[in-house]
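These are the structures in question, set out in turn.
You will see subunit A twice below: alongside subunit B first, and alongside subunit C after that.
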Partner chain A sequence: MSMTAIVRTDDSKPLLGFWIYIMTDCVLFASLFATYAVLYQNTNGGPDGYQLFNLKSVLAETLVLLTSSFTCGLAMLAAHRGDRRQTILWFVITFLLGVTFLTLEATEFRHFVQMGDSWRRSGFLSAFFTLVGTHGLHITVGLSWMLIMLFEVIHKGLGRITIRRLTMLSMFWHFLDIIWIFIFTIVYLRGAIAP
Partner chain B sequence: MIEFANLLGKLSFNQLPQDPVTAGGAATVVGGVLAVAVALTYFRRWKWLWKEWLTSLDPKRIGVMYIVVAVVMLVRAGVDALMMRAQQATSVGSSHGFLSSNHFQQIFSAHGTIMIFFVAMGLMFGLINLVMPMQIGSRDVAFPFLNSIAFWLFFSGVVLVNLSLVIGSFSAAGWLAYPPLSELRYSPGVGVDYWIWSLEVAGIGSLLSGINFLTTIITMRCKGMSLMKMPMFVWSVMGAMTLVVFAFPILTVTLTLLYLDRTFGMHFFTAGGGGNMMMYVNLIWAWGHPEVYILILPAFGVFSEVVATLSRKRLFGYTSMVWAIWAIVLLSFTVWLHHFFTMGAGADVNGFFGITTMIIAVPTGVKIFNWLFTMYRGRILLATPMWWFIGFIVLFTIGGVAGVLLAIPPVDFQLHNSLFLVAHFHTMIVSGVLFGYFAAVTYWYPKFTGFRLNERLGGYAFWCWLIGFILAFVPLYILGLMGATRRLDHYSASTGWWPLFIVAGIGAGIIAIGLATQILQVIVSIVQRKANQDNTGDPWNGRTLEWSTPSPAPFYNFAITPEVDSRDPFWAMKQARKKNEKHEPLVYQAINLPKNSAIGIYIGIFSFLIGFGAVWHILWLCIVGLIGAVSSLLVRSYTKDTERHISATELKELDHKARTNPKEGYA
Partner chain C sequence: MSEHRRAIVGHHDSSTRGTLASYVTGYIFSIYLTITAWLLVRNHLLQKTPLLILIILLALAQFMVQIFFFLHLGRERKPRWRLIVFFGMVAIVLILVIGSLWIMTTLRYRMTIPQMENYMNQQQGL
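Take a look at the complex of A and B:
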């Protein structure tokens, strides 16, 4: 018991720092959501969300990402147990789910662009691509980070610093999940309502 | 877009300066850099610079570097100001002055940008680095390596801004680059991109600093220092850093969106295509107004320390000061619309923001009265920092009253974009922020160098600044009321404005003499350092922990981590010593401090490459910069040996040396 207490105080600085970083990222997304809210009706004669969004594929994206959050949680439980194999296994699954999510998103983006509805088309589409794309960029960063951490776990095991880094990574991953819930609601579900 | 594939992007020889004025600017920048390089080579100081300064993770060293860069930028942006004043004093009627319209616009854009981002922010982060860890009885900040990255990002921003003098041109769209003027259609050159990327890079540095200092204050206070025992400067830093954390991401987003518009043909702020340019103005001020308080809060903290110490009294109304800071933090996010009452949001919205703006004057007023009551019946020492405070209190109150006047929407409709406004915000920022940081530099100078600044020259500098300021800006209040708008490069003789512009020009000249006197003051003080040496470590009879260390402060700050049980802990310690209470024996313990690291510099260089590549649309350079920055971070993450161990005996010896012979202790 006393051992864990010591570990906690030692890690409190980086973890608090990371919480504050996540708060700043939250403000960043809040600004993008605000931008989207201002521009979503400015379709400039182009399509609006109702015509554009395919809710089925977005639901698939959502389920994939939510599942990845769950498997990320399982990976962290395994890491805290000191079970290296399970940690690696669950992070690999999380990684694959993340890649699936990105692929689905990229397919959607490519489809829009091919139909001539790129970010150049209207204020609405600029805001859409930037908001959803920034989330996708974060997912990409998270996946790269996960790859690096997988190498670290494989080569160095589950030391204190590695666990701390994994904790930050999982915080980041869950945070992106929460942001996606807002994107799903505000962008896609709101967009599905007929104008 | 197409240029991105080109090896050199939009870059070509045509981008080098063509006309004499820009060529002069470019020559100054190149000449200055060369002169420094030659001097370093001649005096064989490269290695010293690299080992002792550039790669240092000691917050005191990083703090000094911030301040040096900020002072150089103050001179640069000061020259910009003189050129504007000279233009306005000579460009009347048939005479058109010495600057072209476009060049004049670049100069006022650069002046504002540099003064806010690279002078005021630089001085602020420098002072926080120097003073805050010592005031909370800590040896370091929470993330020393992150601190170094933040500084080098700041420096990359500085380089980008100044590079625009040599290659290409700077933004001519004002310091906040409102669209649609700043959109590609109306500003097709690279100027706005330079503006975007220098602020993007420096802004991310500020964000990192905000996270770092906030974590430091929350987790690294010495034993016994509960929140309500923190020095007021620390409180003010905490408030300012909270604002940084909440406001700077908005700046990052806003700049990015503008860049997306300009580069990828998006429609966030364009006049057509479904863009909304007023959204830019809202976003930029949702960052910009808190930014004003980010700059001023630490200056308020400085004054709280200076006034209490130099009045030999404890600070009056400590608790109300703390509440005033947090009231300002909260309210600063509710007033942004007063920057554009003329947008046409309607009477209700304007009324709301007018009232919140007037309300924010209340906590500020509380602070003013607390300082005055601190002085009341104190034994006031009229040293230079106190003079800066007195100048501040007079000018700041006048500027503040002008601000409350501008908070009335109908009045603002008359004065919007006039020189009255220019006079108002210069009164707030020069007398508030600059005077505050000048007071701070004078006050804490001996702590970090071991000798005091020359008092006589400091006094001369103060009077030059005060008189120069009044001469330079009172005419602007009057001109604004007469209808003169800001950013004028020419006006008709029939307006009758000419004499007032002449007076303002003379005032600017006197301020320049004041700045020159300050530089002279530092040189003279270094030459006469023996005479002004501070052997006690406590030249002002201070109250807070930093004065309990020898001067100059040793690299480990405190040989023994202090424990406190009251506000003004050093004052309490001195009182206890007078009563001859028995001393406890000193127990030294081994400590770890971070080793030097050059990776912060590499990350700064790579970020510069990203910025430069983005300005000139050179894709490969951006990719190289990105890969370089990420790999540098990875290298650092897997470096094991990052700490320097100092054993208890070593520390004891160092401490003994520092206390008997301060110069040698500063290893």
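Take a look at the complex of A and C:
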């Protein structure tokens, strides 16, 4: 009976704790956005966003990340149904989309650095690389976590603790997509409007 | 034991879970808002300031869509701790962003060279 009592305690508390962590991470990104907004005109004679950004590749990145957020939701639906194969399938798709996003971003960064427009070029580029790079770092952490969870689901199946961890991972992944909306709008679209 | 456990797991809190309909709706709305904003900017369909305001409004709309349809905020049972923490976050973010911009733009206004030169010219006795 005492076992039942332990099992009965639902997951709302750990999930609330994780939600609070996500909210504090939003504050971290807000400070980076504020820094960017203050510095984006300080190009020090270097290129500005209008000269630098490639809108087509940015749209591709955005749609890939958005789709991965959607497939992550589908994976969670499968997990709650207890459908192990579908859960694995959708998380693998989410993972591959995440890797695609990261590859596109790394290609963009490498291109900028090769043209001499690295974070050392100007205040604008320092703020740009810090903001977008921090998001990319979060994506990398999310992808590593997803890989670990895939092994856990394959080896242990969909127990209560595993589902709780998957729920946290999916919250983290949706949160990263939400941060990207603002990077897409404030950094890329704002930068692509002719001065 | 395991069957018993499964039965209890079956009816734990489902108020913060999604449904297929919520994910599909959120996805379609998000794609629509993303592509609209992108096309507006690519074709430069408006003057600079209205265009900027419009794309920020589209971003906020997409933010609400994803918070609601992907993160299911507002669908939890009372007491709605997530919603309360969310509003706390929004307040801190607004203070941080608006405050920083306010400080830095007025700093620029006061510290730019012409203003300083004017000030020094007016105070020649110093």
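What we mean here is this: the second predicted complex is superposed on the first by the 186 of 195 C-alpha atoms of A that agree within 3 Å, B and C clash if a C-alpha of one lies under 4 Å from a C-alpha of the other, contacts with A are read in each partner's own complex, and residues count from 1 in each chain.
One rule holds for everything that comes next: contacts are C-beta pairs under 8 Å (C-beta built on N, C-alpha and C of every residue); 3 or more make two chains touch, one makes a residue touch a chain.
Note that this is a predicted model, so its numbers are computed, not measured.
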item	value
Which of subunit B and subunit C A:M115 touches, first, second, both or neither	neither
Subunit B versus subunit C as contact partner of A:L147, first or second or both or neither	neither
Touched partner set for A:M171, first subunit B, second subunit C, both or neither	second
Partner chain in contact with A:S12 - subunit B first, subunit C second, else both or neither	both
Subunit B versus subunit C as contact partner of A:M23, first or second or both or neither	both
Partner chain in contact with A:N42 - subunit B first, subunit C second, else both or neither	first
Subunit B versus subunit C as contact partner of A:S126, first or second or both or neither	first
Which superposed partner A:L32 touches (first subunit B, second subunit C, both, neither)	first
Larger contact residue set on subunit A - subunit B or subunit C	C
Overlap of subunit C and subunit B interfaces on subunit A (superposed complexes)	12, 16, 20, 23-24, 27, 31, 34-35, 38
Complex contacts: residues of subunit B adjacent to subunit A	142-143, 207, 210-212, 214-215, 218-220, 245-246, 248-250, 252-254, 257, 260-261, 264-268, 270, 272-276, 279, 283, 286, 634
Residues of subunit A defined as touching subunit B within the complex	12-14, 16-17, 20-21, 23-25, 27-28, 31-32, 34-35, 38-39, 42-44, 119-120, 122-124, 126-127, 129-130, 148
List of subunit C residues in touch with subunit A within their complex	1, 4-5, 8-9, 12-14, 16-20, 23, 26-27, 30-31, 34-35, 37-38, 41-42, 44, 48, 51-52, 55-56, 58-59, 62-63, 66-67, 70-71, 76, 81-82, 85-86, 88-89, 92-93, 96-97, 100-101, 104
List of subunit A residues in touch with subunit C within their complex	3-4, 7-8, 10-12, 15-16, 19-20, 23-24, 26-27, 30-31, 33-35, 37-38, 55, 59, 62-63, 66-67, 69-70, 73-74, 76-77, 80, 160, 171, 174-175, 177-178, 181-182, 184-186, 189-190, 192-194
